[in-house]
């Protein structure tokens, strides 16, 4: 190993990031809660909570269930609405986070996606727009747009027409052919793909014999889903040219490296933030140690390297 | 402010057939009010489990928990000396800087624990503090003596009438002619609803919801209040009665 | 709780089973290995290794990878072929297993399914035929038949035409709409549905930067996939009338009960047999204890009870 | 016959920077031959990890393992007194009821451990036993002394020439003019291939494959032999040279 300092930085579309670590949407709020644990400026960036046009309470409770090495949520996109995010959350965020943030936008119609993306595109602190076409919790919501190539392409085209910032489409893993959907998004102009949102899962309380989640089913996430996420990142990275944010089950610096070797330029960490609020900090600290051991000089070198072997 | 830290079990013993008391040693400096809770990481469980702080001092935390599922089952088997990872300082806790002379504390089942340190604080302020506790039956009674020992007046209700007033905790309050000008409550939802109907006075109510994180990040625990959606773990767990819509 | 003895038996199509516990195909060989650990006659039944017309070596090695609470395999249907199974394995099995067995049949064409099912249908010890239209390991193999309702129905119809025994179709979870496929099988005459086969997953060795599995991707199974399996059992049991064998991540008596409440009549245990060869015995011993605690008198009472709540 | 049981670590220490020796106490009655292996369940790992039995007696098993990944890393940190769940009696082991006067045992890296108990058995039979060991470099040497102590003639090869013959283990055999009428081998695939080319005499070769179960149930570990597909864990791990197609 050369004696140069290790390089953790990656370039995600036009965004130069200090490191590839990005807390995932819905597990990091709008940043407020985590700044009490550590200085979140150490992050590459973070994705804020999925935001819709109108404020939403989301689904009835209970909307959280525990699983073997994972969890199910059916929060159902609780958020204060795009206007409150712009007028209240972002001004506050600016006071403690000094990097571009990634905006996660959800919608129930093409018009809603367009409306929200056009609005958030004007916010200076937003570096990337992540369009969630995959949330399985909302009836007639995200799910429908993420399960066919045509619908995903339609959202992509519509959003791209009203935005100037890089647009990532976040896809659902609950499909037979992820590559077809990702390619459709790429052809429709997406600047990147985020893989994956939650798997559709369920638990039953054997005491009450009823579903644990009031809404019956919900989104399954956490370390358990890592092999599915990694597979999809690898498949899409082979088929598409645009960069990928890998997401799903990441719990360690080694997982981050594995995701990057599979083809991810940045790596999102979701559920683990809820179990261990320091996880992203710990991963960022551990990354150089693992790189040293593995003889990796620069993280950007290993992106998609498995394809070449 | 929150704190994640390691805590060592110094005691873990049953109070009743299903209810256990656990004492943990470690940093308590982030616990700022009675009625706050901790989130415990358990081996082979993904999500942490939330428990109210029953009592705490400079370097120990007392929890009281009921075995209801795999996580609490596992807790009941942990040995003295075991180290656990806890988040502490969670939840707003009870506000004791209020105008009251005769507070009434009302607890049902495992809603009772967070009232214990609260009672201590109120007594320390010199207030004449009454505690009304509801249980299913005599076998499930716990902490009645402890509340008495710190100087509370204690009334008890049991569903089967085996101890105290037969019926609900509201029945015990009625039957004992308890006077109060403010109340604090924690317990099962039907009990809390009954209290809201029963009392015209203001009170503070500690709520429960199934939690993902316990510190406001996941929106898993939200409830609708008169002032909009609130996260039980963050804006609560303690809400004013006037704010709730039970 | 009444003082009657607990009843663990279930009726799966025409098969009366002492209990619902059935080791899953590919994790129990043809029974030989496990008889060294315990008397396998305590089982409800078991499913033997996926069998094809011709003998197969399967995929290149390495074909096993470890995951968080699960594993990936790309064995690729190694088996001695239907004739060897009939002439060698089944006669041997008869000497130590005295219950009906479940035959798992795979194929690369409708003709092959028909050929193997017609042959195995004549074997007296075969109680049920399980048709695997879902193995993701074989190129042009099971996968294609399991991912569209039309193809799954076609296999079902063809197999039903040449068999007299109950036929279960074992479906792949790697689809957007499991209910549509299950319903197509039911309408085509299937006697039952087995849910689920493995999820498509992948791991990379971060030292060599190459996929752990020689074949790159493989079938992901084990406790990690339980919430996905449970969800699909619940969904299909709501939509179909025919019985379901639940499979996927089952590791304990509590998991078995949860699967049955979701809608499974019998419950298969797969990967856990590899980690703990005694798992099925332990589950069968633990079931009455859990039933007692939960106030369940008879297991068959709880099948699909979550639907009614 | 196999046996699943609990074993207690009585010793766990490094022999080199990456190679450790672990001694486990427990039932060894199912181990029936040198060269068999065990499958160890490790905390937070789904699949068991396979390791050759280096040596065993009435109530202890010695393993030698190299730290190569998360599982072996974890093993290296286990403390004396820790209990592990093992499957024992796996694999066919070496067959010593063969016609040989001058057996040669050839091991490379972590293929060396299973040869140790084998050497003991052969020496007990009164056979003049030579051991040829291959390592990368002097720092990675282990068990040379142990083989000598039980009465073996030992020759060593290192890739970098820092000890013994520079090169491969076949070079050491040539250079030392070793005579033998039968061989036993375990080590990396390139070494085994070289041996098959080198020797005209018959031998027994212990193979490795990534394993799912270790007892023949999953077909994960199959190899093609001249007699068709064989499971390394069940029909092997030891195969006749004449049977293999390396």
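Some notes on this structure:
Residue numbering begins at 1 within each chain, and the chains themselves are lettered A, B, C and D in the order written.
Going forward, contacts are C-beta pairs under 8 Å (C-beta built on N, C-alpha and C of every residue); 3 or more make two chains touch, one makes a residue touch a chain.
None of the values given here were measured: they were computed from a predicted structure.
As a matter of contact connectivity, taking subunit C out of the picture divides the rest into A, B | D. Note on connectivity: the fewest steps through touching chains from subunit B to subunit C is 2.
We define each chain's centre as the mean of its Cα atoms; on that basis subunit A and subunit B are separated by 36 Å. Per-chain CA centroids place subunit B at a distance of 59 Å from subunit D.
In terms of their C-alpha centroids, the spacing between subunit A and subunit C amounts to 34 Å.
Residues of subunit A found to touch two or more other chains are 67-70, 207, 223, 254.
Because contacts link the chains only in sequence, without closing, their graph is best described as a line.
By the definition given earlier, chain contacts exist for A-B, A-C, C-D. Those residues of subunit A that touch subunit C in the complex are listed here as 67-70, 72, 147, 174-176, 199-204, 206-211, 216-217, 220, 223-228, 230-231, 234, 249, 251, 254, 257-258, 261-262, 290, 294, 302, 305-306, 309. Those residues of subunit B that touch subunit A in the complex are listed here as 1-2, 4, 41, 44-48, 69, 71, 87, 209-213, 215-224, 229, 234. Of all the residues in subunit A, the ones that touch subunit B in their complex are 26-29, 32-34, 36-37, 49, 57-58, 61-71, 73, 75, 78-79, 207, 212, 222-223, 271, 273-278.
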